[in-house]
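Chain naming follows the written order as A, B, C, D, E and F, and within any one chain the residues start at number 1.
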Amino acid sequence: MTEATGGIEMDENTSGKVKKFLYVNRKAPYGTIYALESLEVVLIAAAFDQDVSLAFLDDGIYQIMKGQHTKAIDVKNFSPTFRALEGYDIEKLYVEKESMEARGLKEEDFIVPVKVLSTAEMAELMQTQDVVLSF
Amino acid sequence: MKLGILVNEGPYTHQASDTAYLFTKAAIEKGHKIQRVFFYHDGVYNSNRLTEPPQDDRHIVNRWAKLAKDHHVDLVVCVAAALRRGIKDENLQEGFRISGLGQLVESGIQADRLVVFGD
Amino acid sequence: MLHTVNKSPTERNTLESCPKHLKKGGAVLLMEDGVYGALKGTASTKLVEQALKNYPIYALYPDIEARGVQDRVINGIKLVDYSGFVDLVVEYPTVQAWL
Amino acid sequence: MTEATGGIEMDENTSGKVKKFLYVNRKAPYGTIYALESLEVVLIAAAFDQDVSLAFLDDGIYQIMKGQHTKAIDVKNFSPTFRALEGYDIEKLYVEKESMEARGLKEEDFIVPVKVLSTAEMAELMQTQDVVLSF
Amino acid sequence: MLHTVNKSPTERNTLESCPKHLKKGGAVLLMEDGVYGALKGTASTKLVEQALKNYPIYALYPDIEARGVQDRVINGIKLVDYSGFVDLVVEYPTVQAWL
Amino acid sequence: MKLGILVNEGPYTHQASDTAYLFTKAAIEKGHKIQRVFFYHDGVYNSNRLTEPPQDDRHIVNRWAKLAKDHHVDLVVCVAAALRRGIKDENLQEGFRISGLGQLVESGIQADRLVVFGD
């Protein structure tokens, strides 16, 4: 992957600006590639020293399930990468409570420590961002 | 105002790339600056030079290319997503350039708004 | 904050999830297949009318017209074209696409 | 479009065999291309003299709405093609009643004459096919 | 007739629509994201357990395992691998994909 | 038994083409005959010769091509869908051929079962 912090027509420097970026994950892993390619953006974004948060709601919470074994579908298991996010100083992972309940999931089912938010709190989180990315 | 655009889907299959184009065109007509259009996921297919739709249909690839030519819009195709989907310099339409994901993050930082079009 | 919904409420869960996350100062734009959520007399009409009491809801008219549902739009939903869509993006400080 | 009734490795002739083909339409038009490209298959299939039926259920029934005007989205309005199907001897168009009711639609809202089926009748139709195609 | 469902019941309407169209001699195979419909303790469990009373329901085990939900499968759902999927296609006279 | 396969989605983005491949491979191993694999809609992207996934990922295009080579499986890409999406002889992987939609209808007629993989 080419890392490209410089580009043509860059009309101002990006250094110094810190914005709040929220990555919204609402899709299950493996059925589609969105979850994986979203994570690839998050990893690159880490180099930009922005204020990054990840939100998991609806089927997006399935991305961080423990115990994924993908050998038989011949697709790479990318769930361990969520554990590596801490090393990139990405530590704000939020999961919506209502989405967990609808799927019968508990905090200990997740591969990473997360903060559980009510729907109202999740809405508040969304509202206070500068940039919201969804895939 | 400076607007960044993210296109997550390929041409014809999903309406996302149509809506993104019509939005971008309207923004330019209203005098806004398009900071960049970034093509990710299947969005990279929007840059496929070999695309040949039926004659009575819109030509989505050329429509983007014309926007780049007429209004100097920066059309960036994600290199990782493009390689995975077989988009390379040899089939890249003029007016698009291939670059890294950092260009998307940069859009988020530099643009006043980042508008996402997907499935 | 402007929330965009581009999927039909009878195909996906998007229109069910999005309104729960509206806050003061929020608004919804229905576009593409999302405009089916703007219609009277459907299974999702009630949900949308309820949200409409507290938040402005917009629908992209080109998409309404393309689908032949121009006479079925819920009262109170504001219709915009692509130019109006741009104005909404400018008006609200952030945009979240419910994909 | 290249018409290709012949192909390599054809190990038996297709003429003479008549199978029941059902095309199941469950997706709305324009948001995705499936409805249009499904119709393109139906038109080609007409040349093969098979027993063809079209089923519209869930959001698929939106495909045959009257009054579609697509100029502003710059996409071709393909709904008139449904009216041309009769000329190809494709006359069995079925719409599910429950799907109509959930969307507040009536028979007169459709661009073509259709036969309205209950869910049970639709299930029966599906069950009696030789080939079911969905896109 | 074998019905295949490949979408999550909490994202799409597929698993809601499909079981209504089952007839005697019908069966369902849950695969890809459709295997989320095979799980205990979810919002769609009841619907699936109800269908299970009258029709066999299968789930593709490679997809179950990929998603880390191997301990949550509803009792009575039969697990198959790709070879078992082929056997089902051979066993039932037609296949309908609920896309 | 003779099986026909229809693939409606492109590689990597949707699991459909993975499932279709693994199903097809299992069917061959069990001694069934694959009458044809037909690629429609975004499925045509499965034949893009320029595809270059990350080294630790499966190569979906080459995987299909190998199936064609090893087991003489007929891999047919729909010409109309392919033109609309920029797949032509110049970027078509060996082992695939481009032909008309009639080939899909023919699969329905000739095969004992037609199995559809999509979104």
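Methods note: a contact is a pair of C-beta atoms (placed from the backbone, for glycine too) under 8 Å apart; a residue touches a chain by one contact, two chains touch by 3 or more.
Small disclaimer: the values here were computed from a predicted structure and weren't measured.
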Identify the chains adjacent to both chain B and chain C in the sense defined at the top.
A, D
Taking shared numbers over all numbers used, above half giving same and below half different, the chain B and chain F interface sides are same
Of the pairs B-D and A-B, which shows more C-beta pairs in contact?
A-B
How far is the middle of chain B from the middle of chain E, if each middle is the mean of its Cα atoms, in Å?
38
So how far apart, in whole Å, are chain C and chain E when each is placed at the average of its C-alpha atoms?
33
CA centroids of chain D and chain E: separation to the nearest Å works out as 26
Suppose each chain is reduced to the average of its Cα coordinates; what separation in Å results between chain A and chain E?
29
Multi-chain touching residues of chain C, meaning two or more other chains, are 6, 10-11, 13, 32-33, 62, 81, 94-95, 97, 99
Mind pulling the residue numbers of chain F that touch at least two other chains?
8, 12-13, 15, 19, 22, 41, 57, 80, 114, 116, 118
Multi-partner residues of chain D (at least 2 other chains)
27, 30-34, 58, 73, 75, 130-132, 134-135
Judged by the touch rule stated earlier, which pairs of chains are there in contact?
A-B, A-C, A-E, A-F, B-C, B-D, B-F, C-D, C-E, D-E, D-F, E-F
Which residues of chain E touch chain A in the complex?
6-8, 10-11, 32-33, 36, 39-43, 45, 61-63, 65-72, 81
Could you please specify the touching residues of chain D with respect to chain C in the complex?
27-32, 58-59, 62, 65-70, 72-73, 75, 77, 79, 102-104
Given the complex, residues on chain D that touch chain B span 30-33, 73-76
For chain B, which residues are in contact with chain F within the complex?
10-13, 41-42, 45, 48-54, 57, 61, 80, 83-88, 90-91
Given the complex, residues on chain F that touch chain E span 1, 3, 8, 15-16, 19, 22-23, 25-27, 29-30, 32, 113-119
